[in-house]
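There are structures below to look over.
Across the two complexes that follow, subunit A remains constant while its partner is subunit B and subsequently subunit C.
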Partner chain A sequence: MSAATELTRAWANGAGFVREVERLSGQKVASCYQCGKCTAGCPMAADMDVAPRQILRFLQLGLQEEALNNSTIWLCASCMTCVARCPREVDLPRIMDALRQIAVRRGRVKERRVYLFHRLFLAGVRRGGRLDELRLVLGYNLRSGQLFKDAAKAPALFLKGKIRVLPEKTSGAAEVQQIFARWEARKP
Partner chain B sequence: MKRIGVFICWCGSNIAGTVDVEKVAEAARSMPGVVYATDYKYTCSEPGQQMIKDAIREQHLTGVVIGSCSPRMHEKTFRKTVESAGLNPYLLEVANLREHCSWVHPREEATTRKAIDLVRAAVAKVARNHPLHQGHIPVEKRALVIGGGIAGIQAALDIAESGYETVLVEREPSIGGRMAQLDKTFPTLDCSACILTPKMVDVSRHDKVTLLTYSEVEKVEGYIGNFTVTVRRKAAYVDHSKCTGCGLCMEKCPAKKIPSEFEMSLGRRTAIYRPFPQAVPNKPVIDREHCLKFKTGKCGVCAHFCPRGAIDYEQQDQRVTLHVGAIVVATGYDLFDPALYSEYGYGRYPDVITGLHFERLVNSSGPTGGHIVRPSDHKEPKNVVFIQCVGSRDEAKGVSYCSKICCMYTAKHAILLAEHVPGAHPYVFYMDVRTAGKGYEEFYKRATEEFGATYIRGRVSKVYPRGDKLVVRGEDTLLGKPVEIEADLVVLANAVVARHDAAEVARSVGFSYDGHHFFTEAHPKLAPVETNTAGVFLAGVCQGPKDIPETVAQASAAAAKVVALFSKDQMATNPMTAQVDPACCAGCMLCEPVCPYHAIRPETIQERVGGKAISRQVASVNEGLCQGCGACTAACRTGCIDLKGYTHQQILAEVEALCL
Partner chain C sequence: MKIAYYPGCSLHSTGIEYDLSGRRVCQDLDIELQELPDWTCCGASSAHVTDHVLALALPARNLALADDLGLDVTAPCAACYNRLQVTRHELAHDPKLRQEVEELLGRPYTGRAAVRSLVDLVASVGEEAVRQRTRRPLRGLKVAAYYGCLLVRPAGILQPDDPENPQGLDRILAAAGAEPVEWPFKTECCGASFALTDHTEVVTRLVAQLVDGAQAAGAEAIVTACPLCHSNLDMRQETAPGATPLPVYYFTELLGIAFGHSAAELGIGKHSIDGTQLLAQHGWSQAV
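And now, the complex of A and B:
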């Protein structure tokens, strides 16, 4: 019971962090009144270690350790169900995104596979200007050490034309690469 | 020859669903004196009433029995119905077949039998009814308003504006009440004094209003339209007819360190004082308990300096008798003593204060000139914890109800703190945030979004010092973890409670109050400003917690009721009063003390007994005061008092019809 969180210190330490999350996400954490509708509708909530609502509560109190060190921010699939339902118009996936950015910057990634997936996804798009699903799946399974995961599904996917052997070409590949370059130049 | 008509109402399925109404009507046809009986789906409807009127005329009825809902519901309606058909309205009896029968019994044979019995009793009674006639009493068109807070001021102004004399009685040296102590008002943040003081001045200058401050109502006698009220005007030891309110006496008074009640003891006052600078009337009174002249006999400085010779140490309390026709009770509220929660440390730690203390601290005419500082060291607080529901919604230590105003004033305090102290952080511990009112939820949202108030759901369990800070411990139930806050200042939102002497006031004026000593309205929905005593109305928090807009609305509603009463020159009285038969009254006067309305007095009558003229004492009933309760008829040893409409003969006839 003695492990009570002292809130004035939590806020003194965490206020800057919260402002950074607000800047990156464009959201105000005080807007949330903790009704829990986001969590109630979240398709991933059952697999999360803390409820999406609680992420906002951590931020309202300036509890940065709790806000960053959880799998929830990585399991959020940005499906936008919570945004569609939130009575206070809080864009929670944007906040999750901001938290992931800060977690990466600080080397505090709790779900490394999810982060790997994100990186491979973007690298593939950057390379060819369009998602190359086969290489994404192969690369992800290889690097996450689960080589034969989903292998049984491959023949059916090939037969139905859902996965192609050769990457698709797109005429705008060069422009896509420019987008990546511009974004990287803008990074702090 | 009696000709009685019986009408059995179905009340839709309310009665007919359980009672065989046709069988009841059939049975009624063979009861003594009944010449007509029928049943109808909704007797209270327009065609239902027409049916009764037609039957009265066609059957030449001399009495009517209606088997329907409770007489509390529609007796008045049906009395008007029979009256409009030319029958005396008191030749009607209502047999309660709904509340007393169909609603409380199952659908079976016995229920119908009971309904028939109830109708038989009513028929037996109505056969012995006599026509009764309402009397008329004059109405004294002057109102008394008790309590000079915003409720009393508003009610007095509204009645006076309608052209009727109004006497406003206030216990304190100034009107203004609680609202005068507040800084800003939610949700608009209007300055409380700015909107209140003009009304205080208006009411004091109104030619129809007599203001009696520093006065208390001691006794109320009489009845609607004719109350006699005794008011004690406390000795101010200052002749207010001479005093100009120059204030020299207060400047010179040597007893300067008396804790000011108005400033919640955060400020000091002198022994000769007015509660606050905008007081109305703006004239001082002497606090005898602290005055050196009264304590030691030496001093007299105020009398020495008063340029008008207004100081009068010999002044005595005076009693004033008023005759009024209606009374508005607006006596306000007290606040729950938070010292009962020893875990919050109120009274032990000077930096644990209440919401009303905070109002004075933030007020620019308050003891700190509007600078929010800690009472202990006068430093500006940064982290301030507000604890809601201190006493409210706590049946163990406090009161069961929600005090209604604390959520909103705490949000206001959070905003005022953030506005007054740059960098301050308000923390609010709450159970639920209740913001039912126009613009209220939006106001609360501003407190959190614009002013950065952190709301924590949970009750605080403990406040204790650490260095010069106060550690506030609670659980954030949304976080699911215990939390603590090192606070500079703790503000308690203590519950609104009835005035400590509310029960006494209710008893002396003569109306009822609830378990919390809030005054009881006549009906929670349809008669919210009336009491169960005719002519006495309620306004403001004395009836139950409410905020300023609601208080003002209720005060105007009470005023409207008073004005409606005064719009008539005479009032009809209830003819069902007690009646003494002087021929057999022994004059024992046992009836006198049992009468709750003081309606019975001894009277001397002249008689001739055996050829000799003698005079003897008998009881006599004042029909204006008598409310028809019947207590005297039970107390009378000789059976010489009867209640008109409920005579012994009538009641016994009913019992006989039921039991034999």
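And now, the complex of A and C:
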């Protein structure tokens, strides 16, 4: 089979997926003309397995597997440098968010620990209304199997009153729990 | 001037110095801060990674609280500021999205309350006011004003004076007598969103690049306006044996020193990298 037919098939299979990415992100993948400015300015590019520019190219070609199964979508720091410099005004971090959301739905999360961090963060906010940094760090270290990560920094932070031992209470917590509950109820 | 105050989660824990110093400086500049009652987390990066509507609903609740007070709102944390401002913008331009968010909130959202960063708020009071309030000019103190990402981007929504070379923070520091250096890393990312994950090595690399850049430009300290940037630069600096790490201050701490407060009042003693020695070297030892 020639490369041309493979791409044709990829597009036939992937068109719906690309439409979903465009719907979730509010971006048009055809806008990108592959100049590479996003990648040149990206602070995380050196640590990614696929260049940010390539993510858009995969989408233009309908290549779902390639667009979802990479560390890049999880390592985007949403610093928005690419958005500031894109001559076509593509909001690539929004596309990264959309791809992460689809990857989660399909159980295709390549950077499981980054995802774990976000999940624990939101679980903490849902529980108490405000983020409890201590429990987030402890929970993350415990569940990512690196119990003593940054443990050496903890005593000084405690002594200086920079870590709350007891979580802060806010009467807004109940309302936040309702926001999460309603949001969950409307998920497909 | 009276404005609602949204401290955000970090300012009640790892960024407590920013809260202490910010409140003092605002008081000195006749800015009355009224903390939003029952404010809750803006959701930060974790919310927008997860879902767009949820990521707008969490900040929108706080904007609605400011609406109830009939006040504009200031958020010192660059990340909170970013999420509040982006939310306000998106909901103003998309009635359908606003309706979805209101359904999640279970309360009306009007979008009346405008959002200001603390840098913008202090700048709006004016350099002249800062100059007049200064009792202890920071003469000879060379600083690298660091804006990071979320104070200036996305530029279309946040409308900074210049997204690649902003000046607001530099001007405020100069008004207090300090000497801001020209340096090319003002708006480079420090990687803070990965500081707690197992990608710490990326963060260490980005922090080193910023510190090297500031030092090469002749700065004696880096000045931030974000608790995440501050924690990251203050705790993830790796120094070669024998070398001195670069102190990292909140802009409000340095303004506080200039306005005559002590380092202890401003929380400067809580840094990981000692911030008092440099002040003493410059002859402000009565402050430390």
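Going forward, the second predicted complex is superposed on the first by the 180 of 188 C-alpha atoms of A that agree within 3 Å, B and C clash if a C-alpha of one lies under 4 Å from a C-alpha of the other, contacts with A are read in each partner's own complex, and residues count from 1 in each chain.
Criterion: a residue touches a chain if its C-beta (ideal position, glycine included) is under 8 Å from a C-beta of that chain, and two chains touch if they have at least 3 such contacts.
In this text the structure is predicted, and so the values were computed from the model without any measurement.
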Quiz prompt | First (subunit B), second (subunit C), both or neither touched by A:22 | solution = neither
Quiz item: Of the partners subunit B and subunit C, which touch A:60 in the superposed model: first, second, both, neither?
Solution: first
Exercise. Have a look at where A:31 lands relative to subunit B and subunit C in the superposition and call it first, second, both or neither.
Key: first
Quiz item: Touch check for A:170: first (subunit B), second (subunit C), both, or neither?
Solution: second
Exercise. Name the contact category of A:6: first (subunit B only), second (subunit C only), both, or neither.
Key: first
Practice problem: Figure out whether A:80 sits in contact with subunit B (first) or subunit C (second), or with both, or with neither. | Solution: second
Practice problem: Could you let me know whether more residues of subunit A are touched by subunit B or by subunit C? | Solution: C
Self-check item: Footprint of subunit B on subunit A - complex, ascending
Solution: 1, 3-9, 11, 28, 30-31, 33-34, 53-54, 57-58, 60-61
Quiz item: Considering the complex alone, what residue numbers of subunit A touch subunit C?
Solution: 24, 43-44, 46-47, 75, 77-81, 83-84, 91, 94, 97, 100-101, 113-114, 117-119, 121-122, 125, 129-131, 133-134, 136-137, 140, 144, 146, 149-150, 153, 156-157, 160-164, 168, 170-173, 175-176, 178-180, 182-183
Quiz item: Along subunit C, where are the residues that touch subunit A in the complex?
Solution: 9-10, 12-14, 16, 38-41, 43-54, 57-58, 61, 103-106, 149-150, 153-155, 163-164, 187-189, 191, 193-194, 196-200, 202, 205-206, 235, 269-270, 272
Exercise. Please give the residue numbers of subunit B that touch subunit A in the complex, ascending.
Key: 383, 425, 427, 448-449, 452, 454, 456-457, 473, 476, 478-479, 481-487
